Structure formats: structure tokens, C-alpha cells
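Notes for the one structure printed next.
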Amino acid sequence: MKRILCLVMVLLLCALTLAGCGGGAGNTPGGADTAPPAATEEAINIKVGIVNNPPSESGYREANVKDFESVFTAANGYAVQTFYSLKNDEQLNAAKQFITDGVDYLLISAAATDGWDSVLQAAKETGIKVFLFDRMLNTSEDLYEAAVVSDMAKEGETAVKWLKDQNLPEYNVIHIQGAMGSDAQIGRTAALDAEFAAGTMKKVTQQTATWDEAAAKQIVESVVNSGETFNVIYAENDGMAKGAVAALDEAGITHGVGKDVIIMGFDCNKWALRELLAKNWNYDGQCSPFQAQVISDMIGTLESGGTLPGKKIISEEKGFDAATITQADIDTYGLGE
Amino acid sequence: MKTILEMRNIAKYFTGVCALHNVDFTLRAGEIHALMGENGAGKSTLIKVLTGVYAKDGGEISFEGQSVTIRSPQEAQNIGISTVYQEISLCPNLTVAENMYIGRGKQSTVNWRAMERNAAAILERLSIPARAKQQLANCSLAVQQMVAIARAVDMECKALVLDEPTSSLDEQETAKLFELMRNLRDKGVGIVFVTHFLEQVYQICDRITVLRNGELVGEYGIKELPRVQLVAKMMGKELDEAAAIRHDERENSDGAVVYEAAGLSSLNCVMPFDFSIKKGEVNGFTGLLGSGRSESVRAVFGADRITGGKVKVNDRSVKITKPIHAMRQGLGYLPENRKSDGIIADLSVRDNIILALQVLKGFFRPFSKAEAEKLADEYIKALGIKTASADTPIKSLSGGNQQKVIFARWLLTHPKYLILDEPTRGIDVGTKLEIQKIVLKLAREGVCVTFISSEIEEMLRTCSRLIVMRDRKIVGELRGSEMTQDNIMRTIAGEAG
Amino acid sequence: MKKREFSLVHLIVPLLALFLLVIFNLFRDPAFFSVKLLVNNDGNYVLSGNLISILNGASELAIIALGMTIVTAATGGQDISVGAAAAIAGSVFVKILRGGDVSPPLILAAFLACCAVAMLFGAFNGSLVALFRIQPMIATLILFTAGRSIAYWINGGATPTVSGPWIGYLGGFIPGVPIPTPVFIVVICGALFALALKFTALRLYTQAVGINEGSARLNGIDTAWIKTLSFIILGLCVAVAGVVRVCRLGLINHETILLDIEMDAILAVAIGGNALSGGKFSLIGSVVGAYIIQALTTTLYAMKVPSTAVKSYKALVIIALVTIGSPVVKKYAAIWFGKLMKSQPRKEEVA
């Protein structure tokens, strides 16, 4: 009996988790919890329900959650309820609960793009205004006020444009990809692939390291061992860039501003930006996790009777150049500590 | 009578060892044919060649006049050769009915209800005390064996091979099986009967084929081969050693009590019992299968969860709740079921021999390779274990030699008290006698031994005291002149005599 | 003598695979195995080349495969939580290092702490398997599921970094030694296992428990303890592998550190000729298996196989390997081999 009970528990746990890590690099379980509404009575005038993915999903998500926590506060006049889960159905239930609770605004970053129609319809009927952030939904535009999303493709384009602006005599690129099929990988790969296709840059190797630093190091090692020349490493996140740099260090190849190899990373971890500041790396791009202020501003507009500029708002993507980065940039935009 | 099976010049080699060499064997329809030989004579190998478990390395097999090649047990079954092996090879976690029908027929669907109905009918017909829906593991070993036979019988076979079917059956059950065998014979089935019980051969068989060391000794009609000659043919020498085996008549009354238990009971359904044994004594537990004789000695050794009782060894109170406790007190235990509780199948003979002593010595004091080799070689020689080398996995040895290895394992620990549960089960006459002789020798050296056997004669020969059990209780104790077959039966039956 | 023959038979498949990989690479690119002496960016002489990459890159896998072999042998099951446990161990290591100046004593303290934590989780897995008799894969599924969340909870979401010369020495090169340190760490681990097998009865106990638990128990072996011990040993391996991985780059990403290593480790054990159902085992086989897997990865990188196809290529090779190692193929190979050898007649006594 004990054994069966144990098994059942284990299976439940697994089901919960496995369902949660359907795609992408994240595979942590859905730590689901609902924060109670803020307690201060008088300042509250706008009730907001936020449905998001849990901060343990990634460094990006952690920054994203922190951003919303810092903007949607009681001090700013919001009564906030938050729900985190990696599972779409749990998110849907939470959203329904928020509607029943009678929130004024519903902010959603969905785990999956489908299945939200009925909930959004219900919100619309009860007069609740919906904002999407970070991720688009597969649904009619009428059902939400606006979507504040990142354009991964644009992020890649920004980075590649920066690379072209360096006006190197030739481009021999090692391209280290993230986990194949993830949004970030697709966006960051597309722009570079276009250059390869156009023949403006030469592809030395293009290989996935599935976001793994050590795999990235091995990929660069294999190019070094083959004796091929290269002058750019385009890694789709900071960790992989660090792995690539470690391989260069071991092979005695210089990198950074004014050196043999240009290093490009993504995500803007603080430690990575410090590498930029030290001129060991050249470029770091970011998919901005900071959408809270934009949404808060739009809520302000709606509350004062104004209209919104459009349905789809692309958040501004940052790209830092080692030549221009400052400590202030690191403090403001860097992820992590 | 029509010949249904003919095997000519069969040869089989295992790496470096010739197991069968030019062996002939014929089976007629409607006869019971005994296949006799000592351990390692090649009986099991011949049967495995016949049933397609092993591929033969030479010779021909013809079945019903046609030359056949049998590549798997399935093929053997399809042409009408069914087998029940010495060691039960059913699935203990399935039901009786499932075990009888699993892996048969070609249809992929199963009609569960029909299957259970048929199974129940067969069980009924053969008077097997099991329910079709019962899980096999819950049946006694004897019933499991009978289910295996029922399975084979039900498969419309023309030739039925029974490899040691009676080794775990008591007399009543054996009688029932014989009835069934005669029944099948009269219907024209040819039965190959492999056994170590001479009695049974003369009770039921028509002809005998004798093998020795992988070669054919000869084929005889039952009438033309008296027992003594049969034994001589099997062993290759004249033999009156059995008669020489006799326990010391004068009971060692002055010996100190080595082991004493009061109110001992275990979770394995043994009623609390008292028991003691003296230095140099050989005693036996007897009773029908399931009477609790094995369970009692398991409790003594701490093999099952102990639920109560006080134990003294050499007059000192000790706690024995795990095998290791018992071993530290100088106890050794050779379990009833060699395959599942005795041998470590894949490990070498050497590792199997040193195992218990190594455990006693401790995890952090392993034997060096040289030490282990020396110990193993010494005991392989002393007990005459037939093995290619000490490195051979024990599973490739014959049953009797496996048993000797387990024996060696415990002798190596120099036990003060050795418990032997069915040490001679499934073993040929020669090895049986050897084991009995060792037991008596140990007793003379001051070791006390508990000896359990289904063969009462064997117990009478070796034991100086018999503890009789019925329904998981000790119901009597016989010693000296009280120990007769008759008395034992009466005590078991409950008629104090 | 006989013993050696036995283990050689079991090593035929992995060694053959390694040999074929080598031949393949020699034909593909003769320079594949060239090793050069370079000066790295720290001014040290270091060896560089694919051979070094394979030896170096397989370190973590080899270490974990050692422990996985013991668990497989004792329990007839596998631990699928090693990647997650390594994330926890690595996170503990980084957490402690970030608490002070990175110096050898602190590294040692952090290492010991992370060993303790990993062994604790090993004991947790082991007790689920040994005491509650849950199948190892199911039992370790718990930690597999929760492990990386626990790792997140230790350090937070970003990828925390640690740096310092000693981290570099452990994960890269010690000045004046041209061979990567992780290679030495594998050698040390291997030596420790060899010593453990020599100076304890671990091999006999583990095999006995794995082959016939009931019988082992009747011979006085504490089977539950042996099973738990195997998981604790694996825990230790996991801690070492986690630390090596952290030291390589001086950062930990709890989501990706040693991701999917459990599958590679199980594969290494299988390729090494070990039965996944437990019993007899060969540590050398598993280590060879680990190097085969790494050699395969390095080969695929060198061949510039498209990212999307890497896994399929790997799968193809693995299918080939496990099929060759399967009992059916082995049986036919033995028959074929037997026919070749049949010329000499043999006449020996029956065993």
C-alpha cells in the first residue's frame, strides 16, 4: 500500500514537471503559487492579475518577474495578484480565477500560444482589459488591448548589423546555436543565416551547443584543431560565448576589441557585460525582459481615457558594444548580480 | 511398439568440454523410459538438445520417422515434444492459468474466461490443489511443479520429457503424478523420465537408458537390470557404500548444548517452538511439505523476520534476527531452493565458494585473488566438484556440483552448527552418498547438523534424532530405536505410537 | 589468466567501436589525431588537438559512468537524476566559493561540502530503492524532476560565476603541465575505484546483490546497505563531475549543466558490455564507453554535421553499437567463430 502511494506521488510529481517543460531549455517544475493581493487599503485603485512563467525558468524570466514586481506595486497604486506556472492549463485556471476575483487588468505571458480564446472572451465580456507581454497568443486581436513582445528576429538583425558595421575585410564566422527550435535560437540564427546565404560572410561552422557552455567550448576546439581560420564567434547566449572564449584561451588565440577574434554573445548577464567593459568581448545583445513600465504607461493612458498607439508593441532591444559600454549600462540592464 | 523418437550419435561441446559424445536414445510410443546417470553424465544436456534449448554439434534426431532439426523449445513443442524441467521455470507473478497457457498458440488475443475455465478443468482432472486464478508464487513448490506438468500434459504432446519432476513432491503427490503418467502412457504418449530416485524407476518405468560422463552406457529393459547393477552402471563401479553409511548409534548424550531456542517464531507462519541441538549431533526435521520444517530452520538462521523467542548459543543469550547474526555465532545454512536462494548464478565457482567466509571476514578485508584461489581449489578438490575451472560461472555446473559448491561455501566458514535443508534434492545417488558421508564426518568432528530431506530413508540413515512437524508445529520427537518409517508416519498423522 | 580472457571478451565490442571510429577519422582527415604544443593565453605550454579534446571532454562522463556502473550492477537499474544532482552539487560549490576569497582551502571546503550534499542525495535515492523497493528509474525520477529547481533555489536564476587561478587550474591547465587537469581527475577517480575494489569486497558484494539478492541476504550481506552504498558512491562521482564542469568555465547554469548526462552515462555503461539488468560489471568497459561517446561527438563536430542532424547521426551509431553488442548478434558471431575453430577436435572430460 505504502509502495503504491509512493508511486502515485512520484508519478504526479513527474507529470507536473514533464508537462511543464514542453519546449525550450527550461526544465524546472512549475512552482505554482498565488501571491495574495497587497494589503494596503487606501492607495489601491487598480486591480491587476499577472499570469507569468516562474522565475526559475531562466535568467531572462527572473529579470522579467523582478521588473514586474518593481513596477506593479502598492506604492504605484496597484493591487496585484500573481500566478506563476510553466503549464498552460494551470495558467488558464489562474486567469479564470482572476476574472472571478474581478480584476481590472489581466497581464499574461502564456506558457503555450493556444487555448486562450475562451478565457479572453470571458474577460472581455466582464470588461476586463487584457495585456499580453513577452509572448504572443494565437487569438483574435479584438480580445486584448495590446501585446508587448520581443522580436527575436530583430534582435538577431541588430547584432548582425553591428557586425557588418565593423567593416572587417572578411568574415569567417563560427556560429554556436542554442537549443534547436527555441524562439531565441530561431530569431538569433535567422539574420546570420541570411548573410551566409548572401555570401557576405563565410560560415566556418554552424553547430548547436544546446545552450551548454562546455559543448560550445568543444565546438570551438574542434575548429581550432582543424586549423581553419576564423575571426568571429557568434554565440547565441553568454554562457556559450564564455565556453568559446575558454577554448580560444587554451589555444592561445586572442579575442576582444582590436584582437584576432570578435566575440558576440546574447542575454546581457552582468558578468558578460563586465567582459565587454574589460574589452575581452565585443558585443552583447539582449532580448529585453523589461516590459512592465510600458504596460503600466498604457494602463495609465487607458485610465485617463486615452487610446493606445497600436496592438503590437515591440519592446526596444538593446545591443552593447565593448567600445561604448559603461558601468551604468551594466547596473541598469545587466541580468543577475 | 512403434518408435516415435530416435536420437543417433548426438554430440554436444561446450567451450573446451565435451558434454555428450555419440549418444543414442530411442523412445517408443506408450512407454515410460528412464534416463539415468550421475550428475554431469549428460542427462540434462541430452534433454536440452532434444528440446531445442541447445543446438547439437553432431548426430541426428528423427521424430515419428522423419528427420527433424529442432531449433527452439517452441519448435519442439510444435512437433509434439513437451518438457517439464528440473528447476521450475514458470512465472511466479502470473496466475496458475496464465502459466499454463502463456506462450502457446499463435493467436494474439486471449480469451481469459475460456483459459481459466480450461485450466480449472485440468487442475480438477489431475487433482492438483490449486485454483486457476491463484498467483503461482502463492503455491507450494510441489504444486508449482505439478502446474508445470499440467501445462505440458495439456499441450497434446506425443513425447513428454519429465526432468526430475518428483524431486520436490512428497509420496502422495508422487503417487498422483505416477497415476497421471500411466494414464498418458496408456494413451500412447512416450515419456522420458529423468530421476535420481531408484525406487521410482522400478515402480513405473519400462526401459532404462544409462549415461555416464557424456557417453552412452547402454539401454536395458527394466526386468533385465537389477538395482545394484543399475547403480554400478551409473557409477562405473560396484557399490555397497550406502550400507556403510550409518550414524553413530550411541547418542552423544554428554555433548554440550550448542544451540538452544525457546519460543522461537517468525513472520513466515511458524508457531513458536522450542529446539536445541548438542555438539556432534545430527538431527532432522521431518513432516510433509508445507509442515513448516523449512520455515523452522529459516527462523533458526534468522532468514525470515523473527517475531519472538529467546536464543542461546553455547549457553550465552544472543540475538539472531538476520543471517549475519547467525553466521557470526557459527551457524551455516544451505537453503532448500538452490536456484533462488543458494547460488549466485553468474558468479564464478570461486566467488560462490568464498562468499560466506568473505562476508564473515568483513567488507574491508577482502581475500586477495591468490587467497581466494587457494581456498576454492582446496575445496573443489576436497569435495570433488566437477568444473572446468574455478572461474567457470556456477550456473553452468550440474545441479549436484552446484550443491557441492554451496556446501563448500559453508564448510569454509568452519561452522559450529550447519543447517542443511534438502541438500540432496535433485542430486544423483553418488553425490547424495558423498554428502551424507560428509555430514557424518562433520558430526564426528563435533559440528552439529540439522539435516532435512524428503527421503525418509536418508534421514534415518544420517540422523540420530528426528523432530516431526505437522501444520507448522512440532508434534513429536523420535530418537534411537523409535526412528522407523512406521513411527514417523504415525507421528505425522497424529496417532501417537 | 582466465579472468583476463573473460573481461577481454566483454570489451571486444567497445574496443572495436573505438577502433572503427579511429580508422574512420584517419581516412576522413589524417590530421584529425595530430597533437600540437601551443602557448595559451596565460603563457603556458599546453597540448592541443582532437585527441586531447576527446580525453578532456569525456572526463565528467567517464567519472559518472564509473558510479553508474556500480549502481547498475547492484540494483539492476539506473539513476537518471545524475544531471540534476550535479546541478545541485555544482550550485553548492559555487555558492560557497562566492562567500569568500577563492583560495585553495575554500575550494577544498566547498568541494567537501558539495560531496556531502551529493552523497546525501545519493543516500536519498538509495534508500528509496533499497528500503521502499521502488524501481531505480522511478525513484530517481523524483530528483531528476526536482533537482534543477533545487539548484535554482541555491543560487538564483542567473548564471553565477566564480573566478580565480585555482578554478582555472582545476578546470583547465596547471601551469607547466601541458595536459588538462580533468584528465588527471579521471585517472585519480579510476585509481580510487581500483583501490576500493582491491581493498574492500565491493565487487563481490555488489555482484552478489545484483545477481541474486535473496541469496546474498542469506549469506549475511546487508543488501539494502549495499544498494544504498552504490548510490552514495555515484553521488560522490556526481559531485566530482559537477565540480569539474563548474571549474572548466567558472560558471554554473543550473539549467544546462551536465544536461542529459544520465542518458550518456547509461549508454556508456551499456556500450562497455555491462548488463543493465545488473550483476557482473566492468568499470574499464564503462570508461571506454564514455570515451567512445565523446569521440563520436568530437567527430561529428569535426565533420560539421548540420545542427539539426547531429542527434540522428548519434542515434545511428548508437543503434549500430548496441545491436553489435546484443546477445543475438553475439550468439551468431560465436557460432561463426566456432565454425572457424572447429578444425581441432576436442575431447575432454565433462565438467
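All chains are identified by letter, namely A, B and C, in their written order; residue positions are counted from 1 within each chain.
Note that in this section contacts are C-beta pairs under 8 Å (C-beta built on N, C-alpha and C of every residue); 3 or more make two chains touch, one makes a residue touch a chain.
This structure is a prediction, so every number in the text was calculated from the model and none was measured.
Enquirer: Touch graph across the chains, line, ring, star, complete or other?
Expert: Per interface graph, the chains form a line.
Enquirer: Using each chain's Cα centroid, which is most distant from the centroid of chain A?
Expert: Taking each chain's C-alpha mean as its centre, the farthest from chain A is B.
Enquirer: So, comparing each chain's Cα centre against the centre of all protein Cα atoms, which one is closest?
Expert: Measuring from the global C-alpha mean, the nearest chain centre belongs to C.
Enquirer: Round to the nearest whole Å and give the separation of the Cα centres of chain A and chain C.
Expert: Distance between chain centres, rounded to whole Å: 33 Å.
Enquirer: Provide the C-alpha centroid distance between chain A and chain B, rounded to the nearest whole angstrom.
Expert: About 69 Å separates the centre of chain A from that of chain B.
Enquirer: Averaging only over C-alpha atoms, locate the centres of chain B and chain C and give their separation in whole Å.
Expert: Roughly 43 Å, centre to centre.
Enquirer: Which residues of chain A touch chain C once you look at their complex with the stated criterion?
Expert: 2-3, 6-7, 10, 13-14, 16-18, 25-29, 31, 55-59, 61-62, 177, 180, 205-208, 210-214, 217-219, 221-222, 224-227, 238-239, 242-243, 246, 248-254, 269-271, 335-337
Enquirer: Under the touch definition given earlier, write down the residues of chain C that touch chain B in their complex.
Expert: So the residues of chain C touching chain B come out as 2-3, 6, 198-202, 204-205, 207-208, 211-212, 214-222, 279-280, 346-351.
Enquirer: Which residues, counting only chain C, touch chain A once they are in their complex?
Expert: 29, 31-32, 38-42, 46, 48-50, 53, 57, 60, 128, 132-134, 138-139, 141-142, 145-146, 148-149, 152-153, 156-161, 172-173, 245, 248-251, 253, 255-257, 259, 297-298, 301-302, 304-308, 310
Enquirer: In the complex, go through chain B and note every residue touching chain C.
Expert: 13-14, 16-19, 21, 40-42, 213-214, 301, 303, 322-324, 327, 333, 335, 340-347, 351, 354-356, 358-360, 362-367, 369, 386-389, 391-392, 396-397, 409
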